[in-house]
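In what follows, structures are represented as structure tokens.
Shared chain: chain A. Partners: chain B in the first complex, chain C in the second.
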Partner chain A sequence: MISIGIFSLSCCEGCSVQFLNLEGKLLEVLKYYNIENFRLAKELNSLPVDIAFVEGTPTTAEEVKKLLKIRRDSNVLVALGTCAATGGVPGLVNTMSKREAMKVYDSNPPYMPVDPKPIDYYVPVEHKLYGCPFSKDELMELITAVIMNKSFKNRESSVCVECALRENACLLDKGELCMGPVTRAGCRALCPSNGAPCRGCRGPYEDANYKAHIRTLMDMGITREEIIEAYSMFSYEPLKEVIAWLKEQ
Partner chain B sequence: MMTNYVFKLPKNRIYEFLNSLIAEYTVYAPVEGETSRFERITDACEVQFLPNRTDRSLKSIFFPPEEEFFKWKKEKDGYVVTDSLKPSPKKLIFGVRGCDVRALDILDRYMMGEFSDPYYKERRKNTVIIGMTCDYPRSSCFCTAFGGMIPHHYDLWFTDIGAYYLVEVGSDTGMKLIDSQFQKATEQDIKRKNQRIEKVELEIEKQTKINLCETKHCSQKIKTSVEHPMWKELAEICLACGKCNFICPTCHCFDVIDTTNLDGSEGARMRRWDSCHLYEYAKTSAENFRKERHARVRYRVFDKFVFPVMRYSTYACTGCGRCTDICPAGIDIREILREMIA
Partner chain C sequence: MAERTIKIDEITKIEGHANLTISIEDDKVKDVRFGVHEGSRYFESFMLNRSYKYLPDLSGRICGICTVAHEIASVLAVERALGIDPGREVHNIRKLMLYSSHLQSHVLHLFFLALPDYVNAESAIALASREPELVKKAFEIKEATNYLTALLGGRAVQPCTIVPGGHTKRITRETLNNYKKRMKELYPKLVETAELFLSLDYPAYERDCEYVALVAPNEIPLYNGEIGCTTGSYPPEEYGEHLVEEVIPYSSAKRSLFNGRDYMVGALARLNLNSGLRDEAKELAARYGYKFPSHRVAWINAAQALENVHFALKAMELVDEMSEYEPSRKEGKEDGEGVSAIEAPRGLLIHHYRIKKGKATYVNIITPTAMNTENIERTLRGYISEIADKDDAFIKMEAEKIIRAYDPCISCSVHVVNTK
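Our next item is the complex of A and B:
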């Protein structure tokens, strides 16, 4: 039996829910894995675990400590979802000053946050599952790979590739701000296949050509501000430099 | 031309003719949806008579984007493998354009030539091709650079000549499809057909004149342009999305993927289209041979205009212009060729 734990840092806990969304497959998984720690689904939780799945990103000093403890008490650490893998939505705080951000609280803010960073900023991470929430197929791929002692690797291509494989009509042609060309594949182009442009929830991939994407969008008549917003939404942390460059244009 | 093999069909009889084909064959014909493509039709009224080529080529009928090879399962006495190759029905494809028929010839060389692909072969055999002359070209068309609109191999070829379709017979199978509704074509009809083809080809020439006639010479010119600064310029704007590869009627690369259940007691092997524009394409255990994007952009052009000439003495491009139409970055293959050959 391989023991696993699903841990939450600052996030919407959507990835924990996605774990439960495995439904029938979860029962299969439980034949090989023993869930030792899962706050959303279990009352009694313990450490250490063989594989720790961490969702969210630390935004307080306590959470950083929690993350370090999880790392110490696990053999394999998996960044579950975009927040953990790239900083994701919490990373948006970094676009403004802390004081400005804290104004969302009516009275005194509960605490001053630390900068949201991807978790591999603090600790070494073995695997990353991108997506908001992550893709169930990819999780199953990872789980199978661990049992069979095979390697697991993330796609190094864009959502466009998977979208083209499904022979969809291109949303860029329709004038939509689609993040497909710079977003990592693995979701089987779920949104574009259903007529909604890609928001880039899986974050950028290694070979992405941002300048070409921006040029294409601008040629379509999309404003710089709209592009900055789209780029910042899920990937402010990894795309900081690109966004800074875009602001200068 | 032998007039015995040229017929004409009154236009109002085309539906009757198509329905008689549907009774005998699995018929694919152009259907306009979000994108126009060849789809299986069960009634002649579903067919759309488009003025020129469809957005998608014939490729996915014979070589689908994702295809399962076989399934395997662990039984008491070893593994049991079940082939997913199913016998394919007799197919007839109606309304194919010259560029697509040529592309199919090229795809056949790759998939049924020195290496034979059983999955492709099964789908490809017993396929009847009924082609049609374009009414006018698309802005991206340049088939005249590869020998014009009418290919060498077809079963029947339709050309709109007003109240009739002029029907040329290209094979014995095609001849068998000719029934009593068809009339003998007159000299006048053939003349009208020729005029029509000339007119459209002239139209194409007017918008794109590329001289690729001397295959060996032109491909040599492209081959020696490895260091051309244009590749780097193209790499700046290329998004590496692979759409030009997937849409290309002659691109045939695929990746083989194994999937298993959790304990490895059953699984499947499948293939999925692959694209030479992707970072992972030329990645091996030791080295990635085309890490830089400009090398990948160049490779696609070479794989259409250089390598096939070396192997088969033909270009692997038919001038359909689909890659130009689909490219989100607006890369035009004709501009590349003009730059290289000029």
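Our next item is the complex of A and C:
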């Protein structure tokens, strides 16, 4: 039996919920895996585990320590979902000054928070499952790969590839600010297939051609400011340099 | 002087991170602290200066269980601010999504978070070896509720189709028929679920307090209605005059009072203030000896189970009234102010925005758990006072039953500040 744990740092816990959403498949998974740690669903939680799935991102010093402990007590660490993999939506707070962000708490938080970062900023990570929430199919691929002792690889192509396979009409052609061309595939173009432009929740892939994407958007009459906003939404941390470059244009 | 402290560092089987400290002196409760120790994510800060178009998407990320509720509360506040009416069909699609999201959340809470306490199991997963059929059925019900949300919203967690002025997904007759067919198949299972959760042995503790929920005659409104309490009701825009939040030093979600009283929101509050429960659910309640209004806190579980039956019936009725929908998007003004009040699974949810030139200049979000925190603490203090002479393990168990009944969602308490 392979022991696993599902751990949660600051986040919406949608990825924990998504794990439970494996439903019938989860009962199959339990034939090969023991869930030793899952605070959302279990009373008794222990370490070490063979595989630690971590959702969210540390926003306090306590959580950084928790992450370090999980790393120490696991053989394989998986960043579960976009917050853990890229910093995700919480990373948006890094676009503003601390002073501004603190105003919500009457400028008086009990102690200094930590900037939301991808978890590999703190510890080595073996695998990343992208998406907000992550894709159940990719999780099953990863879980199966581990059972079969095979390697797991993330897709290094754009959402557009999958969108074209589903024969969707291109949303850029309709004038929408779609992030598909620079966003990592693996979701089977879920949002465009439901009529919504890709928001980039899976973050950028390795060879994304930002310049071409930005030029296309600008030619469509979309402003630089709007592009910066769209690029920042899920991927401020990995796209910081692109965003800085954009600001100078 | 015999003094003891009972501490739970991390309460399990709730959404988010919280702890509990109970101090007892000579079998009397000295102090009870329900502390929230989830990190801050500053939603109300980074949503500022964002385009109104992104506010619903961002709001969804506040909570992974009640995503739909946050997205809908957000989209309604935006539309009210900018004077947009997306039209009847869009409102109806959202109502259907709200129904299925309540089912998703209630089912997750009842089977996976609450049930283990009452059947002497550590988790639903552990229960699977003892009662495989029950757990299999729980997963089937969960799967069906997820399917219904995804059918209209693209996916079950973080749906992507809710946008200001419209709905991005085409809804055909086939979609609607499919929704109805799946809900019809699910319905008897929800009745069985209600029978199970109405027959559990809940803590008997009762405490009088204020209840707050959307109210409307002959309804259990989720999408629109006035904000009601036991003494009256008010338009949503007036929330600020009745609902006062203040920072408490040792935690956490701010302390919230309604007309000066501590108050409860959620399924029990909804049933206490509204008499519109469908006959099928009423009959079930009567058969198992449940009567509302009730001050019995742990009946929140039973109230959720009854709501499942009610919402499934309401959803099927609504589908019959609906027609096909072709996606379109209505535009509005660039400036304005809007307040929305809807019922999330865990209770009243308020989003309040001011928008200038298409960008948010003011964001205030008040979540059900932030509203309930004060009530949870007072209930714990009251109940533990009655059982303070019992041993630690018993007190712990009972305190956890009460906390889990509220179904707190700590991730939702976006106001949250960290403390030790």
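Quick notes on this structure:
Operating definition for what follows: the second predicted complex is superposed on the first by the 246 of 249 C-alpha atoms of A that agree within 3 Å, B and C clash if a C-alpha of one lies under 4 Å from a C-alpha of the other, contacts with A are read in each partner's own complex, and residues count from 1 in each chain.
Here is the rule we use: a residue touches a chain if its C-beta (ideal position, glycine included) is under 8 Å from a C-beta of that chain, and two chains touch if they have at least 3 such contacts.
The shown structure was predicted, so the numbers you read here are calculated from the model rather than taken from an experiment.
Legend: residue contacts after superposition of the two complexes on their common chain; A:L40 is shown touching chain C, with no touch to chain B. In the superposition on chain A, contact of A:T144 is made with chain B only, not with chain C. Comparing chain B with chain C, the partner in contact with more residues of chain A is C.
Applying the stated contact rule after C-alpha superposition, one finds that A:L27 touches chain C and leaves chain B untouched.
With both structures placed on the common chain, the touch criterion links A:M1 to neither chain B nor chain C.
In the superposed model, A:E156 lies in contact with chain B only, and not with chain C.
In the superposition on chain A, contact is made by A:P181 with chain B only, not with chain C. Of the residues of chain A, not a single one touches chain B in one of the two structures and chain C in the other. For chain A in complex with chain C, the residues that touch the partner chain are 8-18, 20-21, 23-24, 26-27, 30, 35, 38-45, 58-60, 62-63, 88-90, 92-93, 95-96, 100-106, 109-111, 113-114, 116, 132-133, 190-191, 193-196, 199, 201, 226, 229, 233.
Chain A meets chain B in the complex at residues 28-29, 31-32, 143-144, 147-148, 155-158, 160-161, 164-170, 172-173, 180-182, 206-207, 209, 211-213, 215-216, 219. Residue ranges on chain C touching chain A, taken from their complex, read 10, 12-17, 37-42, 44-46, 50-51, 54, 57-58, 61-65, 67, 108, 112-113, 116, 122-126, 128, 135-136, 139-140, 142-143, 146, 153-158, 160-161, 163, 168-170, 247, 327, 411, 415, 417-420. Note for the complex: chain B touches chain A at residues 34-35, 37, 56, 60, 65-66, 236-243, 246-247, 260-264, 272-273, 275, 278-280, 293, 326, 328-330.
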